[in-house]
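Below, chain A partners chain B and then partners chain C, in two separate complexes.
Let's turn to the complex of A and B:
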């Protein structure tokens, strides 16, 4: 009995933490979706389903959702493709392997704000490093951040560059858990390197792949820093992400109820998408 | 009712000693100024001690103040109040009406022109902010660049749109022959962020209309011929490639990569630091061609002083505020921060005159200061600017939308937003 009580005492700090910083804010924001609040007013009138109605008729919300999806559709394949190639390369007995592993991981631990500023300069149309190189090669400068067509793909590239190292680490761990005997056996049967890669490496990496796809989808839906710093959501809202739209509603328009509504809908979308992905990818998982 | 509340909360002093908290803006020069003022005040008033605490700089001042009103942790006095946010503070019940304090209005009207004070009154007729400083937005230019292209650096005379554009075409130059400009005439920020319009559309609009703001009678008021001229001016600027459609994160003017910059007097100190040898000139915001010779008005980027409702000592808080806006401190403020107090007789002071003679560019800002407008007092003003900003970007910066359509779309959107606000 005494031991049991000690156990409760031990978990108490975490339970308190969970209630105060997780459960309460979540419940509060669900409650907020039915109210109109400007963050400071002592009165918080009940508005029923008004916020949800507004959401359904809000073109800008759907635009920001579409922008975010566009980001994810470019960002994830780019990120996974590059991370896989790098992970396989870094898994070879290269010279200076430790250095490269560190170098690719560096952007992950660097502040997103710093990286956004850096890339905003590199991608600047008239003054940027990349357009400078393009022009030296006789090509036209590209309005990376100031055209509706290019802004989101540019952000998707910057985000992929920043997070690459993280996914490389996951893939490296996955690669190292593949038993060597499988490759040896395949070699004896006369398999080529390419066949080994597609028949052994890729299927055996399935659990890692599942993790990476789900993590980067969730990450993608939470896109904020890059558009906030690099484009301000522009030009013409073409890089406005859902989270940035939440931020704008909450802290610029002080429309907490509506911001909470978008937040809740976004959370439900992420939950739904993650569950579908899990179903689809789990089918082939080999543990 | 209000007075009653104030009367109830003020009163008891702890051991006969009053302690006030004062939040200035967190930029280094203003903090240095606040330190000196508070030190002098505390030495003179042993019974009313002021504790100074700079507003946290990491977030926007408005956000910090709103959170502190919500949390009940407001200071007694704050001197970084953006009139554009005052509607929200008032709605939240956070501010003390200054006109309820005995003698305050007389004191304020002695210092500041009546029209300026009137402009800061809230919808309910009360004054919740002591007009403090207004930093007129003007155009700084690089005299050397002007000389190089044959413009008179002392009297450039770019006061109308066509003169300005003609000069700007000359100033945009390809110096190394690679076919792209290395020096731009001007580089207004192309970002969609709402307050960036304080530096392009808005001051131009205020100048063109001789002082109209965006809203009138709770409705959008900018869809008119003048608004159209302003939109077309910026469209021409970007379309003729006089201004780059780029986002820059550095001070291009100080680096000599652009010849003109739209800014306030606060920029002078930084330019002096980054480019000590640059000869800087200053001019007013240009106006449409048919307006030559008329009075120029510009956006004033004002910051005011407020006393919070939470104070237990409104009388003492006002006494300190009065000291803060005394002539002696206004002069000190101008010299220390290169920002401009709302004081009528400032330029008449002999030490100020001498100082401005040595700093003629700052002098021009001081002379412009009475001719400024703030932004409309509306709790939806950020959304209003946001809507306008989007259309400005599409019509002027990207040139993809007809300016007429852009203005009427912005008008429609703004009226929708204003209707939604309760």
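Let's turn to the complex of A and C:
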């Protein structure tokens, strides 16, 4: 058949791409985790499970994992809380909705590099805008990026600020898919606005909420640009993310095998989160 | 009429929330632009309007780094990736949607699976490949390893599934081959899919930092995002004005495109589950 041959030709470039730049690297990555290699030495000794053993005893790896989790745990409530407020406000029949939606989305399309430098400056301890405003209000300046306590929460805020508009759009789509009759029926039964919000809006938004949680989690595990630019992972490694730690091992210590091991563990974590996402979302589609 | 007053209060509160939100998202960009135009003495002052506008920060930036080169490199990088993606993922999408061949379903499943592979797993082996192929410091090394994405295939496939079979049959009766059908009939009627894939793909490499950081060493070849990062991290002796100037140069092209095609940006990013 003619269509059959054409089919093969049409998928060929993409299949070649998959094999060369996806399948082979994945296998290569797994192979690397069992080897010790500094990229320049001609010999690549097999070390068995040594890299994995090292990982289990590596405090800095667990610190970076804990940092990343902390980032996610601060980031998610911020995203959900603020995005929900803005989406509910935007869902009312008001003038200028398009303008507001457009404004909220602006940071989403802007480079993480731009946003990191912009906020690094606004959050800088001595001459930043935020501390300037705090001092004008008679408060003490906060070492946003230079203290162990504040560095990660500050990065979580910046990431939330960057992606909020995107989550507003997701929530807005969720809000608009809630049938109006539900609210009308509740009104007839004498429900107040607040009751409507907590008994109808929130439960009906569950699928959107879940999507936001999963997406922020996956994004969180991939955190790199913000700490790389804003804190360099410091102070005292308090904002070192897992990806930054991979980067340091691979490209500053040239420890390719070990870096690949961390990469694989990170990929498995992200894969696990994605699988849970698929499960939960499939279940929720049929409410 | 308590109801009417109540309504007005409610509306007022809503506008306050919306305007506060807009200020929160837009003001930092204004602050960035302003900083790039202020004199070094005034950069740290909180005044909303500077007493004097100057291009000194831009002059300093242009003296230190080849900004136009960086912009051009960014366009070459993001443009090539977008073009390659559009051509080859539409071909795969069309075959997966409308042609029957062995292995079709397997390929589709594998493709979906690759969407879950984080780049952080691939980056080390890809980096080693680039080194071994002697593609370091070259556009081939920068572009080819990230030149296609499963999302493109997925979006094109979904869109092509909705085209009526009669249209394809009619073209086949007229003697058109599958290539002709794809590029002369399917693509022209698939503008929404093309725009979605183009926007999503372009934003990736334009805003990317990690991959260029690994491949490009020569400043003359760096995309602007990488150039701006290295420039900024050198500190510039607290020259925040010039860092904000290069920031503005990096943000401006995408923001201008965004202002023109806002609706498409929001729809494409909103419908795909991807971040910028």
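Here is the rule we go by: the second predicted complex is superposed on the first by the 269 of 287 C-alpha atoms of A that agree within 3 Å, B and C clash if a C-alpha of one lies under 4 Å from a C-alpha of the other, contacts with A are read in each partner's own complex, and residues count from 1 in each chain.
Operating definition for what follows: contacts are C-beta pairs under 8 Å (C-beta built on N, C-alpha and C of every residue); 3 or more make two chains touch, one makes a residue touch a chain.
Bear in mind the structure is a predicted one, so any value in this text is a computation, not a measurement.
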* Asked: Counting only touches as set out at the top, which of chain B and chain C does A:36 meet: first, second, both, neither?
  -> first
* To do: In the overlay, answer first, second, both or neither for which of chain B and chain C A:160 touches.
  => neither
* To do: Could you look at A:117 and tell me whether it touches chain B, chain C, both or neither (first, second, both, neither)?
  => both
* To do: Would you check which partner chain A:233 touches, where first means chain B only, second means chain C only, and both and neither mean what they say?
  => first
* chain B or chain C: which reaches more residues on chain A? -> C
* Touch check for A:212: first (chain B), second (chain C), both, or neither? -> neither
* Scan A:204 for contacts with chain B and chain C and give back first, second, both or neither. => neither
* For A:7, is the partner it touches chain B (first), chain C (second), both, or none of the two (neither)? -> second
* To do: Classify the contacts of A:127 with the two partner chains as first (chain B alone), second (chain C alone), both, or neither.
  => both
* **Touching partner for A:143 - first (chain B), second (chain C), both, neither** => first
* To do: Once the two structures are superposed, pull the chain A residues common to the chain B and chain C interfaces.
  => 39, 117, 121, 127, 251
* Asked: Given the complex with chain C, which residues does chain A contribute to the contact?
  -> 2-4, 6-8, 10-11, 13-15, 17-18, 21-22, 24-26, 28-29, 32, 39, 85-86, 89-90, 92, 94, 96, 99-114, 117-119, 121-122, 127, 129, 132-133, 136, 161, 163-166, 169-170, 173, 211, 215, 218-219, 221-222, 224-225, 228-229, 242-243, 246-247, 250-251, 256, 259-260, 263-264, 266-267, 270-271, 274
* Asked: Quick one: in the complex, what on chain C touches chain A?
  -> 11, 14-15, 17-18, 21-22, 24-26, 28-29, 31-32, 35, 44, 46, 88-89, 91-92, 94-96, 99-102, 104, 107, 110-111, 114, 116-129, 131, 144-148, 153, 177-179, 182, 203, 206-207, 209-210, 214, 225, 228-229, 232-233, 238, 240, 243-244, 247, 250-251, 254-255, 258, 262, 265-266, 269-270, 273, 275-276
* Please give the residue numbers of chain B that touch chain A in the complex, ascending. => 63, 66-67, 69-70, 88-89, 91-94, 178, 180-181, 184, 190-194, 244-250, 257, 379-380, 382-383, 386, 390, 393-394, 397-398, 400, 422
* Asked: What part of chain A is in contact with chain B in the complex they form?
  -> 36, 38-42, 117, 120-121, 124-128, 135, 141, 143, 145-148, 230-237, 248, 251-254
